[in-house]
Amino acid sequence: MPKKMPKNNKKALGKERLIWMYTQMLRIREFEERVKRTFVEHPGVIRGHTHLADGAEASIVGALATRNENDLAMPSYRCHGYPIVLGTSVKKMMAEIYGRKDGLCQGFGGSMHLADPAHHFPGTSGIIGQAIAHATGAALTAQVKKTGQVIYCFFGDGASKQGAFYESLNMAAVWKLPIVYILENNQYQVYTRVELEDANAAAGDPLSRKAQAFSIPGVTVDGTDPLRVYDAVEKAVKRARAGLGPSLIESKFYRFSAHGNAITVPPVPTQFPEHEAIETYGRKAEYAAARARDPILLFRKKLKSKGVLSEPAAKQIEDSVRAELEQAVQFALASPFPSPEEATKYVYA
Amino acid sequence: MPKKMPKNNKKALGKERLIWMYTQMLRIREFEERVKRTFVEHPGVIRGHTHLADGAEASIVGALATRNENDLAMPSYRCHGYPIVLGTSVKKMMAEIYGRKDGLCQGFGGSMHLADPAHHFPGTSGIIGQAIAHATGAALTAQVKKTGQVIYCFFGDGASKQGAFYESLNMAAVWKLPIVYILENNQYQVYTRVELEDANAAAGDPLSRKAQAFSIPGVTVDGTDPLRVYDAVEKAVKRARAGLGPSLIESKFYRFSAHGNAITVPPVPTQFPEHEAIETYGRKAEYAAARARDPILLFRKKLKSKGVLSEPAAKQIEDSVRAELEQAVQFALASPFPSPEEATKYVYA
Amino acid sequence: MPSEMMYAQAMATAITEEMTRDSNVIFYGQNLGMTDRDPLVRKFGKSRVRITPISETAEMGIAVGAAMTGLRPVVELWMSEFMLVAMGQLLNEAPRLRYMSGGQIKVPLVFKAGYGFAAGWAGQHSNCIYHTMMGIPGLKVALPSTPADAKGLMAASIRDDNPVMYLHHYMTMLGKGPVPDGDYVIPFGVADVKRPGSDVTLVATGWMVTKSLAAAETLAKEGISVEVIDPRTIAPLDVDTIVNSVKKTGRLVLVDQAPRHASVAAIIAGEVAERGFHHLKAPVKMVTALDTSIPYSEPLEKYVLPSEEKIVWAVKSVLGK
Amino acid sequence: MPSEMMYAQAMATAITEEMTRDSNVIFYGQNLGMTDRDPLVRKFGKSRVRITPISETAEMGIAVGAAMTGLRPVVELWMSEFMLVAMGQLLNEAPRLRYMSGGQIKVPLVFKAGYGFAAGWAGQHSNCIYHTMMGIPGLKVALPSTPADAKGLMAASIRDDNPVMYLHHYMTMLGKGPVPDGDYVIPFGVADVKRPGSDVTLVATGWMVTKSLAAAETLAKEGISVEVIDPRTIAPLDVDTIVNSVKKTGRLVLVDQAPRHASVAAIIAGEVAERGFHHLKAPVKMVTALDTSIPYSEPLEKYVLPSEEKIVWAVKSVLGK
């Protein structure tokens, strides 16, 4: 199973890279399935609030497939997908979400705060919009130090209504920072449908229109197709790397799980509720239609029809991904808890 | 001298209203001249930070000439111009700026925080962008209580880079609130030229393009001509009153004085420095060109050429305005200071 | 006639009752009133119950402007840390506008938010930030610990003509208790003796009241009588009741979920050092969170927060035991 | 060799020296470095010295991100209240990210802002909001009162690997004093005895140090010996030096420009009530601002703030005079 991203030699995406992309999408999906199953199989093992990336696979992988080795990814609290693609150990990720000593952050961060700077993933914030500014700051570092890096900044449709979004994009545009802003429009922020809270959406316009406020390119792309995302992001990355400044890409897809696990007070264990489309709005057809356009199914079909992926290869990839994540769960379950006194570490550098 | 705004009976602006507008522009200018002279004639009488509206007269008066009796004006700390037009006592205003007991706010607020709710001027904030949200809230009151009011929200080019601007306009657009946002682009925020800090300006685009982020109308208008401002604002007010929501109007003009009085530590008395165009950038020609397009001169010329204003009438208005403001200064100087123990009043309602 | 209800329900009841009583009260926030089926939307309509974007600065600033002009907004802000992105509206707009106007306007609004969610929410969602709201003249701050207080303080907050920060504790949301029916308003600035006692005065707020009462129960079995006082509002803060209790007991333990220098505990200790010094027979003792952010993993999180055991130990220590 | 210089100049000197020493240090903010003629721009170029829009959330958040990835930003924020619109970056981002990452990253940055401008700036520009920054594990806070401290603490702030809030006092900007040349770094958490004394311990920060020293001088003429301590940094706070002084004097006066419950005074009083109780011969006494916003008019403003007279009175009162 290819973990490290193969190089692209030709202009078009080669077979190896396509298989790699497909594999990463599967790994994200399987990771999130295992996180979700943990709530049922091991109640109480995951605490706090956990947000899943199922549905976002094509968007995440399509975007990150364009990157150079040193480029950074900086998303929000819904952060499981990206480090998987960047090469972070899924064992350590799962152990972190389980609050264990062997976790990526030794149990200090949890699901919302994965960080793996060694793999180009500096860390995340759980407060809406704030990390958009952090990513912009990382782009400032790249510019000042002339590292040649581009920063991939991911955030939600909801987050694009936070002042931090607007202030950051304006500054990035004025300073021509090397950053690509990827607005993941999954059409919901928790219970709220985007047209209830976004003026562009309420008017029937795409959210990428916000780019006009900064006189930068803004495009909307089908986020269920990794190749379309790839194309749009690649263009933006080139622009950024050439010193021409930021772009805004609205990637539209659908989140398959509920926003996060239900919020309860201990000892009542948390569980994942139904998706808000159904639970709050009773829109069963909408949800079914979105599931029918599962980016993994669509991409598998495309790769098969293009002759890139054979049935046995697909089966082999699936099996290895499943085994990898089974190992991750076992590793995490077996890992000890940090000892309490360690809590006072890491307050100051 | 007409203080109360005469009604407009015909579709076009009538003579009375035009004279009224001209008079208000003069009153604003004279008020600010007297404030500024106070720094020289009575050093130390005005404390803290004072911001003048000279240069903005056409924009302020053109906008407010469109209002209905109960509509509210809600600007920023650069707030002297508006209440003059709304009918606030210039005596009390001057006394407030001098920190006196007879001041509009009994000496509690000062230049940055004039408030006269009885004259549709609820109060201002000195923190950039925050009052844009307050004005939006006033529009919410108008909508919920169905008062028919429209809120006139004024703020600077600099303020349009504060998250509060963006968040407020989005909410006003989604809720279709009865508010008109007037972005007073005087091309400077303190020492900073707008193209150094605004992405639209840096790209050579108008700032009204920000309206695209909210799918609302956005126009740019010559803010040195009260009649153009009137037309643009009137259209936006009609839209707001019809329940169609907010508009963004960029009114372009030039501030004639420095941002505010120089900042010093007591006992060094404060003074007004040169305009930043000259002091910081050495752009003497720019400044001279702007002064040559003084909105008061331009409007006087227009009214005269239209036969609306005769030379004697102009002279008579000027004299009465001058006398009015002389009285205001004398009133303010003669007013006692509040007694110290009053300081603990008004903390809680 | 008191009914038995949950803390969360008690707050909701007060909001519904106040909205019924006064049509100027409106209620909005993120993720509420999404559909026409929502009970509050059904009762009060979409004009008075509104859903907002994730725009705390606008949400809070709009409340300020609405309050300046005649409404009485109640804003649901969910977790108090979310307000940090818009703290100017809470600390530097709402409480200052009336004063700066020389008393010409008032700003009656309620910002409602939860705090202290010590259930694995990690570094940015579990904090106690109430210290930031103290010493802000013009601002009132309520911190109810029981369902009855939750109702009575919510009613008081909505009826108050000043900006009020209403902070409810996430860990007490499902706790049940008797709640008076109908009009029930608890005045600001009046502490409540949650358990009378004679040996040691113990002051706590929110969830720490629950923990302190448990500790008091344990100590009672060892013959130690602890008076547990809940200030209920920290601005204004009822120092008199605390000093009077110390006059009786001579000993003071302060329990607080925040780190030491972000605690109400330290403020109260300071007040008593000035106003109750002569009554004190022993140094005051503070039981606060350790000086760390809140970690995710359960053993780490438990370690940094005050516990029943730490409280018991502190009470004994001020008694020299 | 110390040179005589102004407080404002001392800060600027430290920034220039640190930028010369370490090319990772960058400096930006509103209304600075407008043109190529600007001295800092000339020295360090437009990449390292930048002008920003009025976007505190982005300004501060960009600093956090830049610090996470290898720069050491110094951000000029002008007046500390302006930061309230972006307080989450200061209180809930910068100091938490390292901890949440389990120590994998560091966030070395300096937020610089002035405060306490008691010169007619009225309700929203003259406040002391440092209490909001205390008890935030991971965050350090410096409050220099003299030109020498201004330089030494700025150098320390820039070299520190943690987020630092550097608060300078507007009223002391033009004050002159001796400032050591070259490398001069004052460690965090070390209080400075600004004037030794034996009868009463007096603790103050910022401008209040100036006022307290004047009061001490007046009192000396009446034979009262006051020890004036300036903590210099309030996070970490050097409680030991204060308690040791109280051990000697037995009496404690705390002077603070903030309202009582927003003061460092109350926090220190609380600490001493716990750790210095047995040394105290009299109740502590706090001299703070009154519980009002800051009014514009001079007589009103004077009335609400601590003054030399109030300090003298407080010192005498703890001596029973």
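Read from first to last, the chains carry the letters A, B, C and D; within each, the first residue is number 1.
To be clear about the criterion, contacts are C-beta pairs under 8 Å (C-beta built on N, C-alpha and C of every residue); 3 or more make two chains touch, one makes a residue touch a chain.
Nothing here was measured: the structure is a model prediction, and the numbers come from that model.
Q: What chains touch subunit C and also subunit D?
A: Chains in contact with subunit C as well as subunit D: A, B.
Q: Which chain has its C-alpha centre farthest away from the C-alpha centre of subunit B?
A: Chain A.
Q: Please tell me the distance, in whole Å, between the geometric centres of subunit A and subunit C computed from their C-alpha atoms.
A: So the centroids are 36 Å from each other.
Q: Measure off the straight-line distance from the CA centroid of subunit A to the CA centroid of subunit D, and report it in whole Å.
A: 41
Q: Please tell me the distance, in whole Å, between the geometric centres of subunit A and subunit B computed from their C-alpha atoms.
A: 46
Q: Which parts of subunit A, given as residue numbers and ranges, touch two or more other chains?
A: 103, 105, 107-109, 113, 125, 127, 129-130, 161-164, 167, 170, 174, 196-198, 347
Q: Hey, what residues on subunit C touch two or more of the other chains?
A: Residue numbers touching two or more other chains: 52-53, 55, 57, 81, 84-85, 88, 92-93, 99-100, 122-124, 137-138, 291-293, 295-296.
Q: What is the shape of the graph in which nodes denote protein chains and edges denote touching chain pairs (line, ring, star, complete, other)?
A: Chain contacts: complete, every pair touches.
Q: Quick check: in the complex, which residue numbers of subunit B touch subunit A?
A: 161-167, 169-170, 173-174, 196-200, 202-203, 205, 209-210, 212-216
Q: In the complex, go through subunit B and note every residue touching subunit D.
A: Listed in rising order, the residues of subunit B that touch subunit D are 46-49, 96, 99-100, 103, 105, 107-110, 112-113, 125-130, 158-159, 161-164, 189-193, 196-198, 264-266, 268, 280-281, 337-344, 347.
Q: For the complex, give me every residue of subunit C touching subunit D.
A: 57, 81, 84-88, 91-93, 95-96, 99-100, 122-124, 127, 129, 131-132, 134-138, 235, 237, 258-263, 265-275, 277-278, 280, 282-286, 291-293, 295-296
Q: Help me check something: in the complex, which residues belonging to subunit B touch subunit C?
A: Answer in residue numbers: 72, 74, 103-109, 113, 115-118, 122-123, 125, 127, 129-130, 132-145, 163-164, 167-168, 170-171, 174-175, 345-349.
Q: Report the residues of subunit D in contact with subunit A in the complex, numbered from low to high.
A: Those residues of subunit D that touch subunit A are 26, 47-48, 50, 52-53, 55, 57-71, 73, 88-89, 92-93, 97-108, 137-138, 140, 161-162.
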